[in-house]
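In structure tokens below, several structures.
Look for subunit A in each of the two complexes below; its partner is subunit B in the first and subunit C in the second.
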Partner chain A sequence: MAISLVARAGAIAAISALALTACSTGGTDAPGASGDCAPSDGPVTLTFTSWLPGVEEAVEIWNEENPDIQVEVQTGPNGNGGTYQNFFNQLAAGNAPDLGQIEFDAMPNFRVQDGLENIAACEGILEAEDQFVPWTWSQVTFGEEDAVYAIPQDTGPMAMFYRADLFEAAGIPVPTTWEEYEAAAVQIRAQGGYINNFSQSDINAFAGLVWQAGGEWFSNDADGWTVDLTGAETTQVAEYWQGLIDNDLVAVYPPWTDEWNAAYNSSELWTWVSAVWGANTIASGAPDTAGNWAVAPMPQWEAGASAAGNWGGSTTAVLKGSDHPYEAAQFALWLNTDADALTAMNRTANIYPATIAGAELPVFGEGVEFYGGQKIYEVFAEAGNNVDPNFTWGPTMTQVYNDVADGFSGAVSGSGTLLDALTAGQDATIAALKAASIPVKE
Partner chain B sequence: MARDTAVREPAVRASRAVRHRGALAVFLVPFGALFVLFYLVPILYAIYQSLLTVEREGTFGPAVQVFGGLTQYISVFQNEPFWASIGRVLLFGVVQVPIMLGVALVLALLLDSPLVRGSKFFRLAFFAPYAVPSVIAAIMWGFLYSPNLSPFTAVTGAVDFLSAETVLWSIANVVTWVYVGYNMLIIYSALLSIPQEIYEAARLDGANQFRIALSIKIPLVVPALVLTGIFSIIGTLQLLAEPQVFQSFSNAVTSTFTPNLTIYSTASVPNISLAAAMSVVLALATFVLSFTVLKLTQRRTAQ
Partner chain C sequence: MTVSTDTRALRTQGVKKRPARDGGIRESAVSRTVAMAVMIVATLYFLTPLWWLLVASTKTRGDFTTTNPLWFADFALFDNIAALVTYRDGVFLQWLGNSALYAGVGALLATLIAAMAGYAIAKYTFRGRETLFNVILGGVLVPATALALPLFLLFSQAGATNTIWAVLLPSLVSPFGVYLSRIYAAASVPDEIIEAARIDGAGEVRTFFTVATRLMAPALVTIFLFQFVAIWNNFFLPLIMLRDENLFPVTLGLYVWNTQVSQIPDIRALVVIGSLLSIIPLIVTFLALQRFWQSGLANGGLK
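Our next item is the complex of A and B:
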């Protein structure tokens, strides 16, 4: 009996151990300043992980022109939806892809984890600086000399997508201020619709709204980081949306789900304040509403102002441990500067390039059918000019987004408020920074 | 001749054992190697990881992993969301496991009863959901619960199965649906191994089917119930797939909804050492809980 008990206990121990996960640590070698970046001998194959819809088409152009440098595309969920986690795991295991799509807000996170190759020494990279919109370039260099950690791909200037047909039929003026937006929300609600969906998990979109209001969550100086998730501007934005939630003026569907798409497709939701690439999201998620949408600048806090926020925007980074940094850097530079590649990516994913010349490409002057033929990129170009370029991202954004989203989940389902969530997120972020030995001011 | 065998037998046995050593190795080494490689090594590595902390200079200075003793474990015990998630799955287990095992027991008894026709069909039908991968099951139920996309919008429009108050129980329903057939099968096979003579004796004593079930079958399948109970407790503490899938249906499922989800999101920070420490604590908690249940049920059986 005693023996069988021990045996059974052992079996249980073995089974419970299933809970244990195998993890491994990344290399801790110092990031080389600008070391060598020599071409490889012979043909190479690069792996590239991206979630950009249809990025394969642009890569196909490269593969045809460069038989000796073939790029294989691996697609995955969007960064915070799982790809970043994969990258962190792959980096720790030493088998990351050569190239990866990383959004600007995640760059410091990858830099802190030593996940990025410095490609400044690679041919043509430092010289490419002039081709890019200045703030995008400073996001990939962290303001350091002789350092380039990725090539900017696109930016995410924000505007308001709205159902032109519904607004017109209902005789509601298209809102230009947040005050008007709330008034419109009341009228739309009276008709059975919702003006928008408050996304409890897109904290980067919320950050875009704070960005527009002039707030900033992180700043960094010689003494360390300052975390400010509850500043005056953030509070203003949080209280505004809390009011809309409390009065049932916005829907609270989990975003990026079929339920959410269906709400747009069935005309229940009338607007989406989103980034330029959101044009693709609506077109693919709500095909029945084609032709009925239009784009206007974001509603403003002050009438007559023209401030805009930014949501997303990506880079193509050469991940640590790549055997072919030279070729990878050449591909990354080509992908994000070549006219054909930028045009292809705009056609499949509606992205707006980070290069100055790219924005002048014919495709960005064309009307877009889904948006009633409106030249929507002109609105986003204008918004891009009105985005404050000095917004700093913290080094643990994955954690910030998770923690704030957990609080927002509570807020949209009736426990706590958005501001409570941000207050808790503030404490959690400081704790996470400390846990990672990153200097932080309290 | 007889004497001869008697004398030679031990020698034969010994040589047989020697001869079989090769065969033993053939059978044991593959298991042993895989067990060590994919079981012991990862466990030991996780324990090792959990003892490390990160040090660096400035923000972007090179990170160095140093021995941190029990630092990560202290963080685990101070981590409110982690303990809240353990509390949540314990509540889940206290309600869901007895219901699931109760239903499994009733179904097994029905299948075993001579009064039921088509028991082969029902046995397969009850078991079929277990063949559905839990992720697929969760997606399917997610759509069934969904207020606008469900085929039963009359029901889902009136009751919100995905709200903060209900979603835990909606997930419990999915888990029950998937695993009830599996547990039923274990209990049913225990029922099949009960000797027919006992039933005969019971019938001679005038016991009806209900009485037989109550006084003979259920007491005799208690070991199977203990086994399925312990498996279910372990499964409950390790819930991951269902809540993770439900994140795309309900905005009430947070990134720290269950202990394994908490570990997953901690690892994605990435704070792998803390995630490893949480894993070790969760494994120990599971072990202690399973062992306690085993001890308690055994004491009761002994009495």
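Our next item is the complex of A and C:
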């Protein structure tokens, strides 16, 4: 047991090192690796693991149109809930599915552990770049030449959900900058409410705020990874929210709980800066407030700017070892660009597509009753175009989220600050990368 | 059993040595009140979540977040059940059926195997008997979770992941069951009866099935119950092994739904009502088999 564990750890270290070498040599290595992407002879069956509810409906359309490339859907819990670990186990055992759903923030982890096929040489893949919202494409290429490791599926551009009725009744202007947002928070607090809830556990939402501010947590080049959880922009965002917490201007309910839903439902909370999919979260959690909500772009750090962050979103990747990368790549491209497929996935799983054309689907052109009939998706489409394409996720995001969340939950209850938590997270992340034999620059 | 009787006797003696007024052993009112209070708190602690589950299951989606979580609002239990069993073509019923299959068949076979092994270790002398028993006993200390990944790699080699067997086969072993069978067989199956059966011409297998299993019945019920509950609640092994939704046991299925809440917030209501329905078979099994269990333990205590 002990021996096999050591051997396994060694193997992982070796793979990571190899992958990173591949990463760093980039252009020279990639064409060789992706040079062969030929169609298979005869009919093939692909396996596709996804936790999108009802993704079978979209796959059904493909299966009817492509009798020779049948796709079999497998499912599981969401990525961090177990499916990523399953993918790694299956990659180690050599029986991974041909295709898997992988969120943007987990892509570097799979890349570093060499779990992804480069499908750049497959027909039509490189040319597909123009169809996607620009920032999503850099997330699946990692900036490498001649490399595409997945097809973007959905995104979570961020905006501000707010109680239009309450703002109007109180005569408070809807904030367009973070400065105005804080001023509004003071006025709202005077009326007994809170402008927002600071989520102690949604570190990826906080990352979205940092992303908007122009911060970058990770970057990598030939010499290894740079970790920067405490850069100038991150510090600015952390200190801003720390100020709101210290002055009791935001609530600190644990998110996704009944308490939290109830605070929205009882009109105690007035805004939520969240992603496009949050539209359904509020509608479901705060049914009594129907019709009173509206959506505006995120408040800005500079008046007149239009930067947006992103929270969530995933890709369809071809996993290493697939016998049919050509067919798998064709299916992945179709699934995430075909209007019928995107419409079906939006209907069953509320996804917001990563393609430019996806934002124009009829379903996104309609006014939404819960938001007083506002065409809210126009705001999100605009936000999606304003997301900085240079944000890079690190290879150990699950660890980063856990470590920072530990500190954040301390900070909201008065022990330490958000910045302390990020500083601790920075150290823990560097240690985790080193422990996984991933080169780090300090 | 002997040990426990001895200690009880000792304890009684110990008490008697103390000068007793009123001629009997009475606990003081204070200690009884404290004990009651502790029990009440413990009961509330364990039953409140169940109560919450029961109440939440009867609510409409709107009332779920807006009304007092510990008291009833509009009664919508049957609507919720209808929504649950029709969602995605009734996949929930399939999961319940899978759980019943894994837990029922698994526990039955596991009980049989454990009974045979325990009986053999208790009643036959052979070289390495104690070593074998100690190794099995060591198995009690290894958590099932720790074995899931090695099992996955083994089943991958055999190409048997994502099949019924991937969950059923590992459920067939119960080191604790072997331990219990051995202890119980040693205490409740007298050698004389086995001798008598042999003299009457019964083979070893027949002796085991017709004589020993009946004497061991209370222990077997216990093993069955333990194993049934363990398999029903086993979550990690199916999580790692299974990818086909139609093979999921109910625990894994509900967990998968629960992780989809951010995509489909409404699914939360189904997770709640599904959780309530998923514990009913456990309660039924317990109540149905409890009789055997209690009488068995009492019998053991009297001997």
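Assume the second predicted complex is superposed on the first by the 289 of 442 C-alpha atoms of A that agree within 3 Å, B and C clash if a C-alpha of one lies under 4 Å from a C-alpha of the other, contacts with A are read in each partner's own complex, and residues count from 1 in each chain.
Heads up, the rule we're going with is that a residue touches a chain if its C-beta (ideal position, glycine included) is under 8 Å from a C-beta of that chain, and two chains touch if they have at least 3 such contacts.
Owing to the predicted nature of the structure, the values given are computational and were not obtained by experimental measurement.
In the superposed model, A:T281 makes contact with subunit C only, not with subunit B. Within the superposed three-chain model, A:N265 lies in touch with subunit C and out of touch with subunit B [touch as defined at top].
Between subunit B and subunit C, the partner in contact with more residues of subunit A is B.
After overlaying the two complexes on the shared chain, residue contacts for A:W301 are found with neither subunit B nor subunit C. Applying the stated contact rule after C-alpha superposition, one finds that A:A92 touches each of subunit B and subunit C. Once the two complexes are laid over each other on the shared chain, residue contacts for A:P395 go to subunit B alone; subunit C is not touched. Contacts of A:S413 after superposition: subunit B is touched, whereas subunit C is not reached. Of the two partner chains, subunit C is the only one that A:T75 touches; subunit B does not reach it. Judged by the document's definition of touching, subunit A residues 85, 89, 92, 256, 258, 262 lie at the interface with subunit B and also at the interface with subunit C. By the touch rule above, subunit B contacts subunit A in their complex via residues 39, 41-43, 45-46, 49, 52-56, 58-60, 62-65, 75, 81, 143, 146-149, 163-164, 230-231, 234, 237-238, 247-256, 259-260, 263, 265, 267-272, 274-276, 279-280, 282-284, 286-287, 290-291, 294, 298.
If you check the complex, the residues on subunit A that touch subunit C are 47, 49, 51-54, 74-78, 81-82, 85-86, 89-90, 92-95, 97, 256, 258, 261-262, 265, 277, 280-281, 283-288, 349-351.
Partner subunit A is touched in their complex by these residues of subunit C: 61-62, 65-66, 69, 88, 149, 152-153, 156-157, 159, 161-162, 239-240, 243-245, 255-256, 258-268. Residues 5, 8-9, 12-26, 28-31, 84-85, 88-89, 92, 108, 111-114, 142, 200-201, 220, 224-225, 252-254, 256-259, 262-263, 266, 395-396, 398-399, 402-403, 405-406, 409-410, 412-415, 432, 435-439 of subunit A are the ones that touch subunit B when the two sit in their complex.
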